[in-house]
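The same chain A turns up in both complexes below, where it pairs with chain B and then with chain C.
So, the complex of A and B:
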């Protein structure tokens, strides 16, 4: 599991996660993820296209960060999850509180529309 | 191919990787479709994580027994532990319609199991929790 910061500017943080998000990987990832997203207090795009497995511990990481960002008036959008991962996100009802988009342009549009 | 898988795990998160590996091989040997494999892997992962996290208050070693069977288009998984009584069916699903500031962090793992499995049965036998999960594939 690893995380890359694709872009971090005045408006937006764009990160990409890779591999499995489960109990084995969550410790380091959670720290890095929070440091690069919540701490900046900007809207966040989380690219999930290379995540092949998401367990509930990963759901917790995402909702905890999204809740913290929400307090600062910032939102989180999830980008391009694998169908299995998207199914987990929808089963957990996350699509209601963090939009799931399938291309970067739509993700940016959603954030602009709700700014 | 044998259609039974028997695994005994210690209550240690380090056991999960080996469990996933064995379960994956089992699913492959039974030619399960990918959607079924994902559901079974996720549900067992969540259940065992939950057991290791909450079943025991002591710091002693305990074991968790897992048996998986496959046949007639159904995967059946039995999980047994000697932890405190825990019936996942008694837990109400988290409120998935509330706004983000009211979302709770917990309860999602159990909710995933209840959604991904077609059938779940719990019984307390003596000092043991026995959970049976079935998934049509």
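So, the complex of A and C:
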């Protein structure tokens, strides 16, 4: 499991997660993720296209960050999750807090529309 | 700069890596070790404490966290061998080194038999002293860490055991649950994972001849998840007993779970109420896997979702919707948690919704117990003995 910061400018933080996110792999990711997203207080795009599996510990990491960002008036959008992962997110109703988009342009637009 | 100064203070008062007790009646040995280990003492790698005879040595051991004892054979009063005997008896985890006269093999042999880890001979060679003490310290620390790890592991196991007991005590597990009722059959089972998740199912008969039923899955593991699950299960049930409809049960419980939830725990929950007289079911879903419907003589259906989100995530008034459906005679509603469909095999493949539906189709409309056991059996075969990281909860109700 790892994380890459693709872009971090004045408007946006764009990060990409890779691998399985579960209890065995989460390690320091939780802290790193929060440091790179919430601390900056900017809108966040999380690219999930390379995440094969998202356990509830991973959902919790995302939802905690999204809720913290909302308090600062920023939002989090999830980009391009694997169909199984998207199913997990939608089943839990988490797309109500973190919209799910399938390309970068629409992700940016969702963020602009709610700015 | 201030923080660094404070940090240095802490470093100076913090415990040394290891402590060695030197027992000798003369000052010579004390001077030797202080000289030989000057650097280790300065860097807080080693600390030395001293005693002049066996009695004061034992007192010192009672007060200090000592890892290694170096003792002269010749001591005033009881000798060094007696001290070794006492060490073995009262401080079995401490490693010891005995110092005897050169060539006194008889004493050395007796010391080793009494459990001494190594020996030194007089006159003491400074290099030999250094190597012997350092080697004994390492041996002692290895042992100490092994003991500590074992204790930690025991603590973790005990905690998981507590979690498992909390979880299982909350779940009705006596079947048949209502031997006097023949209008319906109900059967549930739960397999707790190695780390214990927070799954539960629940049911009870409500006033007005109605059956309340629920299934749920808390995020996280161990005691926190088990407690979160216990609180949720009790609140939803209490709302149902009060006469609230399913969406009200979820929304009231959600409000309370959201109030103080700094760790962002969440829990998915599905609850429903069956009118035993008519087969009508009202239900609401808070982000849980949707139950399956096994109708006599037709394909398996998934229940229609309602508005809803996992509990404990969002505050709000109209987050949960109400669903309605009707069970015909012989129909079964099958509830489960994602531990079933996300069970993995050795290749880390998931069990999937599709495999679950296939097993249930093959079983056909029958007793709830048969359906639950068939699924658990199929998952066990699929998972090839891989220990699962998530709980599996299953509950099936057939309307007769």
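Here is the rule we use: the second predicted complex is superposed on the first by the 115 of 115 C-alpha atoms of A that agree within 3 Å, B and C clash if a C-alpha of one lies under 4 Å from a C-alpha of the other, contacts with A are read in each partner's own complex, and residues count from 1 in each chain.
Here is the rule we use: a residue touches a chain if its C-beta (ideal position, glycine included) is under 8 Å from a C-beta of that chain, and two chains touch if they have at least 3 such contacts.
The structure presented is a predicted model; accordingly, all values stated were derived computationally and were not measured.
Enquirer: In the superposed model on chain A, is it clash or fit for chain B and chain C?
Expert: In the arrangement built by aligning on chain A, the partners chain C and chain B clash.
Enquirer: Now for A:39: first (chain B), second (chain C), both, or neither, which partner does it touch?
Expert: Neither partner.
Enquirer: Of the two partner chains, chain B (first) and chain C (second), which one does A:67 touch, if any: first, second, both, or neither?
Expert: After superposing on A, A:67 lies in contact with both chain B and chain C.
Enquirer: Between chain B (first) and chain C (second), which, if any, makes contact with A:114: first, second, both or neither?
Expert: Neither: A:114 stays clear of chain B and chain C.
Enquirer: Just chain B (first), just chain C (second), both, or neither: which does A:91 touch?
Expert: After superposition on chain A, A:91 lies in contact with both partners, chain B and chain C.
Enquirer: Look at A:7 in the shared chain and tell me whether it touches chain B only, chain C only, both, or neither; answer first, second, both or neither.
Expert: neither
Enquirer: May I ask you to decide whether A:57 touches chain B, chain C, both, or neither, giving the answer as first, second, both or neither?
Expert: In the superposed model, A:57 contacts both chain B and chain C.
Enquirer: Please write out, lowest number first, the residues of chain A touched by both chain B and chain C across the two complexes.
Expert: 22-24, 53, 55-57, 59-60, 63-64, 67, 84, 88, 91-93, 96-97
Enquirer: Touching residues of chain A toward chain C in the complex: what are they?
Expert: Listed in rising order, the residues are 20, 22-24, 53, 55-57, 59-60, 63-64, 67, 84, 88, 91-94, 96-97.
Enquirer: For the complex, give me every residue of chain A touching chain B.
Expert: Where chain A meets chain B, its residues are 22-24, 53, 55-57, 59-60, 63-64, 66-67, 70-71, 84, 88, 91-93, 96-98.
Enquirer: Which part of chain C faces chain A closely enough to touch in the complex?
Expert: Going by the criterion above, the answer is residues 195, 217, 219-221, 264-266, 268, 286-290, 308-310, 313-314, 338, 342, 348, 350, 389-390.
Enquirer: Show which residues of chain B lie in contact with chain A when the two form their complex.
Expert: Touching chain A from chain B are residues 13, 16-17, 34-35, 38, 41-42, 45-46, 49, 94, 96-97, 99-101, 103, 105-106, 108-109, 111-112, 115-116.
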